[in-house]
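Submitted below is the structure of interest, expressed as structure tokens.
Chain nomenclature is as follows: A, B, C and D, assigned in order of appearance, with residue numbering initiated at 1 for each chain independently.
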Amino acid sequence: MSENKVAAPAKKLRFMPQLAGRPYLGLSLTLAVIVIMILWPLVTGKDITRETVFTILLSVTLASSLNILLGYTGYVSFGHVVFFGLGGYVGFYLLAIQGWSLWMAMLAGGLSSALLAYLLGRAILRLRGAYFALATIGINEAMRAFINNFKPFGGPIGMTLNFQVYRDYGGASQALWMVFYTMGALTLLAVTVSFFVRTSKFGLGLLAIREDEDAAEVMGVVAPKAKTWAYVLSAIFPGIIGVLFFFKNGSIEPAPAFRLHFSIETIVMVMLGGQGTVLGPVVGSGLYQGIRGYLLTSAIFKNIQLAVAGGLLLLIVLFVPDGVIGWLRHRFPFLRRVLQ
Amino acid sequence: MDFILASVIDGLLLGFVYGVAAMGLTLIWGVMNVINLSHGPIIALGMFGVYLIFGAFSLNPYVAILIVAVLGLVLGVAIYYVAVQRVINAPHLSTLLATFSVNMIIIGLGTAIFSASPRNVEFSLGSLTLGPITLLGTRVVAAFAAMLVAGALYLFLYRTRYGRYIRAVANNRDAAELMGVPSNRILALSFGLGTMLAAIAGGLIATFFPFTILAGGAYELKSFVIGVLGGLGNPIGALFGGLILGVLEGIIPTFMPTTWVPVVEFLLFVLILLVRPQGLFGAKS
Amino acid sequence: MNRKLLVILMLLMVSLFVACGGDDAAAPAAVDEPAPAEESAAPAEEAAPEEAAPAPETQTIVVGYTASQTGSQNVSSTRQVNGLMLWMNQVNAAGGLELSDGTKIMFDHVSYDDESNTDRVQELYTRMATEDDATFLISPYSSGLTAAAAVIAEQYGKVMVTTGAASDSTYQQGLTTVFQAYTPASRYLTGAVDLLAQLDPTVKKLAFVYENSKFSTDVVNAAKAYAESLGYEVVLHEGYDPETTDFGPFINKLQDAAPDAILGGGHFQDGSTFARQINEKNLEVNFLTLLVAPPEPDFADLGDAALGVIGPSQWEPQAAFTKASADEAGMEFYGIESDQFVIDYEAAYDGEEPSYHSAGGYAAGLLLEKAIVDADSTDPVKVAAALDAMDLLTFFGHIKFDTTAESHGLQIGHSMVYIQWQEDGGNLGKQVVWPAEGATADALYPMP
Amino acid sequence: MILQVEGVGKQFGGLQALLDVTFDLPAGQILGLIGPNGAGKTTLFNCINGVYAPSAGRVIFRGEDVTASKTYDMAHRGLARTHQIVRPLNELTVRENVTVGACFGREGHTLGKASQIADEVLAFVELSDRHDQLAGSLNVGQKKRLEMARALAAQPYLLLLDEVLAGLNPSEISRMVDIVKRIRDERSVTIIMIEHVMHAVMNVSDRIIVLDYGEQIAEGSPEEVANNPKVIEAYLGDPELAEQLLNE
């Protein structure tokens, strides 16, 4: 390992924003990119652009959240979709059956995911490496199977929303725009949270855990607590946007809510952009959705889009494990100030 | 009573086949600490292999399984050299994602070629009625075949030179290398054996259940559960793990709705990971 | 330094825009339709509408739908699409529809493969409603996928005629633009219970083993309530997950509960597998009714396992819905007659026998056509109003929609028939066994 | 007394790694811990700083019983250590590594204050010019000093140094010995050091404890220990060689 690092160019820039010349440049850049994305559908005036950007924003939020655990803390959560699904379910139940407002339901969805993460965290974060990854898969599958049998949540057929609900939000087409802007706001918030975690003392502790958990503990990082909070933080936004997503969908069922593949796609986005960086998940999500959209619609690749995506992933894992942003940071040290 | 007996026997017969699938997964983990996320698609390829050979040449499915086994071995070795070798010492995330990308490639190509529509190997060995219990011929044969495979694996690992090499590499790769074991080739062979077992399990399942190219996913998850039950890295433990899972799948539906089976399975899985990660029968530490 | 930053900023934006824009630019390549044999001969107009007819009066209406070309629903879905395309080709071959102002309406379609996957359905219906400018939508096959599509139709205010989607619950969500061609799920098995009562009044114990899907759950909930109201005892009531391939546990439970009759199933794949495994396991059963699978001609592939199995059907070739029968009942008749539909369908698809899914597909198109004619317009609001007002007989049967706010669009005119696979001179064949007035044979009871 | 170790023992399965180790350490001393490989020195460190829970005995730190505390508790209480095999946080910069020590150590400083301390400590161990390099890219000697800096940044009361001289060349050794002395003198940090480089440990230690097969076989001033025949026998094996070493 160490031989590789010797070759790395000397870094001249400082990492901590409060010490750097312009502390929030990286954050501002990232947020600017997202704001432009949010405004893009207004420019084109097309519904389909809004739908595409919505998908990207959703991915950015999920990827940025996962990055707190995966990139900063070094724990591979393969079943992270469990928070999306559970939050979505709790919120949807409150919304559709109990008649709560969307906002309260989203809050409740986020909180229930956070609570699940807190309870789980104390138990499964003791596991390391592949064992942790396996446990997260097990939890997701157990949760899916449980919800599949849980009658208040509709069991296997899930729940549907009565369309009258959209009237409270100005009709169906108004509601779609509202959902979109809410998604945008949440994305900005999630990325901002990710940035402040990355540049905080708490975040430094997480990075130390990622590099060497035992050594970090010897230095005084209370790893069990820090890991649990990282887990909780990485669960909140998936829970909130789960509610928003299924509100938009109008129905929720166990299979789409707890689709393991969805977690893995999110990991791929984080990897593609560069794990452990703030901008990485944003770029990774955009790239991934762009590639996926292209493959799905291309005449040549549409039938084998999954295979092509798999091939790309393999190339990234084998040859660019640091992702786009990680690679740029290594290759062009002067970019480290901007590409955080 | 008949009801419970019939359920347990059904479960047990299936359990042998689950065991073979899980042996493949756990062998790879034991030798190289890689969780093979392409396990499911390879099981599905085993199913399709038998389906195609049976359909095209009208070969007996059990002969077809022999051919599928060889192909599975070759495929596994190829996957090792292409996708795994380079990241074998990298953090777990890399091997997980590398094997997952193989999963995507197989599923992607498989869906394009075979579509996601269900298939059936139209093959029957009739059934065997013993008092209140009716056993399907194909399932009985599959259970025997699974026992044979497990026995052969045991003999291979403990009675042959390459088997000893594999165990040596599993134990301590560096030390084995120093003693002159060609560790990279042994790793490739182990990966191939793991996928071969998966393909065989798929072939056996295809003789009695319908399947799609996506069908392997469920058996992959079962293999995780079994692997953890029997101790990850312990192929013989996996066979017992398979039997336990099979019996659970038989017994649970006798007193609660069948759809609760996966809830119990996965809770057990997480619980064992937390409490006894070395599995019920111990494994390499 | 600032210039470098600027360059990076621009690069990032460009890459993201490419990512967003890529989706806008290209549409998923439309699926290749299973080409009906007559297509090549028929619609020359379709190929070059501007030249064939004077431009101002011809309007081409795009109908959007997805098909499960792959995935678990592919058998039934393919039949449904075949039926729909037969309708479209026939309308276009006949020169389209003519409105009172002289405008000619031609139909075109846009469709994608939904892979029997809910997420895909929503993505694709959104695309059809926005990007592909589909004026009207036809549902995908199956209640689960249709519920997903209905949300999009409602969100974008598109009229959608559903077919192959019986679940009642979808229509109790406050939909306003979705109309159901099928008899709803709640009336799928009630007739089977009546049939059983007639065949053997001594029977008391029933078992329901059914797929955990929207459709089958709606069916079984209604049938169970009905059976219990008639004094039947339900000794087993259990759902199985849609991807189930091993019915062993359920068959063991059935053996243990020893019901006189088994009702249930779900869709084609699981239903066939269930029937096959019941047969393999030599389960003693007198009366077996399964959803969806038995009426499909492909069910005959099961051989012995199919014999005696009963299934509810939305339509059978033997059904005699003709102009004459409509006149007799004092109802309006519209479109093709049953006999002609069978002949045209077999001619178009190399002798493939139509199933009720095929008929449903054709009927969905036919209803849309009729609504446009009645509305004398393609305006969605007017067409929806015409559908609301519709009450007529077609080759598919009686059609009338619920117009109450609670269950708007629910089919209330149409009703089911029941078929059973029987042996006739060594050949397996479907016979209509219920209702008695339309029966072509007596039901085999107990089943062989 | 800053540290009291009372009858500490540690067993791994059938192996008795430590048996009944007892000593007191007054503040301000440098205590040398020597013994052959496998004598249990690092195990003793691990029992003191909470990596292992001792199987027997008590550890009292600054008057409080801290037996079987977590490592991070010990860090917060003012105990810091280095590792025999260095454990840099490879993908973080040198400065970030040291900042971690300051942030999460005894004082639990804020990020801003911690990085000031990091700069100061890096200057103290003469690593300032490397502060922006990734820790993984340092050479062994630099990594040893990084370990030391990280531990110091925590501003501990007691510092456990595990073979900080191993693998260093003679000039690096004298530089490091100098640093160790200055830590005690300028920063009034009490130190226990495990060391194999005899002349160095004899030179800096106020007192020395000798372990052999997990047992404490001698304790005393460097001279006493060096002349203890039991020590010479057990640890140094060949008395003549021992003498030679001592005279170096």
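To be clear about the criterion, a residue touches a chain if its C-beta (ideal position, glycine included) is under 8 Å from a C-beta of that chain, and two chains touch if they have at least 3 such contacts.
This one's a predicted model, so the numbers in the text were calculated from it and none came from an experiment.
*Asks:* Please state, in steps, how far chain D lies from chain C along the shortest route of touching chains.
*Replies:* Tracing touching chains, the least step count from chain C to chain D comes to 2.
*Asks:* What is the distance, in whole Å, between the centres of chain A and chain C, each centre taken as the mean of its C-alpha atoms?
*Replies:* 38
*Asks:* Measure off the straight-line distance from the CA centroid of chain A to the CA centroid of chain B, and report it in whole Å.
*Replies:* Chain centres of chain A and chain B, defined by C-alpha means, are spaced 32 Å apart.
*Asks:* How many angstrom lie between the CA centroids of chain B and chain D, rounded to a whole number?
*Replies:* Chain B and chain D have C-alpha centres separated by 50 Å.
*Asks:* Would you mind pulling out the distance in Å between where the CA atoms of chain A average out and where those of chain D do?
*Replies:* 42
*Asks:* Could you say which residues in chain A touch two or more other chains, in rising order?
*Replies:* 148, 156
*Asks:* Could you say which residues in chain D touch two or more other chains, in rising order?
*Replies:* There are none in chain D.
*Asks:* Give me the residues of chain C that touch two or more other chains.
*Replies:* 212, 239, 241
*Asks:* What chain pairs are in touch here?
*Replies:* A-B, A-C, A-D, B-C
*Asks:* Would you tell me which residues of chain A are touching chain D in their complex?
*Replies:* Contacts found on chain A: 1-2, 4-6, 8, 10-16, 18-19, 200-201, 204-205, 207-208, 210-212, 214-223, 276.
*Asks:* For a test of understanding, state which residues of chain A touch chain C in their complex under the given definition.
*Replies:* Residue positions touching the partner: 25, 29, 32-33, 36-37, 40, 44, 46-49, 51-53, 56, 148, 155-157, 160-164, 166, 172-173, 175-176, 249-251, 253, 255-256, 283, 286-287, 289-291, 293-294, 296-299, 302, 334-335, 338-339.
*Asks:* Enumerate the contact residues on chain A facing chain B in the complex.
*Replies:* Within the complex, chain A touches chain B at residues 70, 74, 76, 78, 123-124, 126-127, 129-131, 133-135, 137-139, 141-142, 144-146, 148-149, 156, 264, 267-268, 271, 303-311, 313-314, 317-318, 321.
*Asks:* Any idea which chain C residues touch chain A in the complex?
*Replies:* 1, 4-5, 8-9, 12-13, 15-20, 22-29, 118-119, 122-123, 126-127, 129-131, 144, 147-148, 150-151, 154-157, 169-170, 173-176, 212-214, 217, 239, 241-242
*Asks:* How about chain C: which of its residues touch chain B in the complex?
*Replies:* Spelled out, the residues of chain C in touch with chain B are 69-72, 74-75, 115-116, 212, 238-241, 243, 245-246, 248-250, 252-253, 255-256, 269, 273, 280-282.
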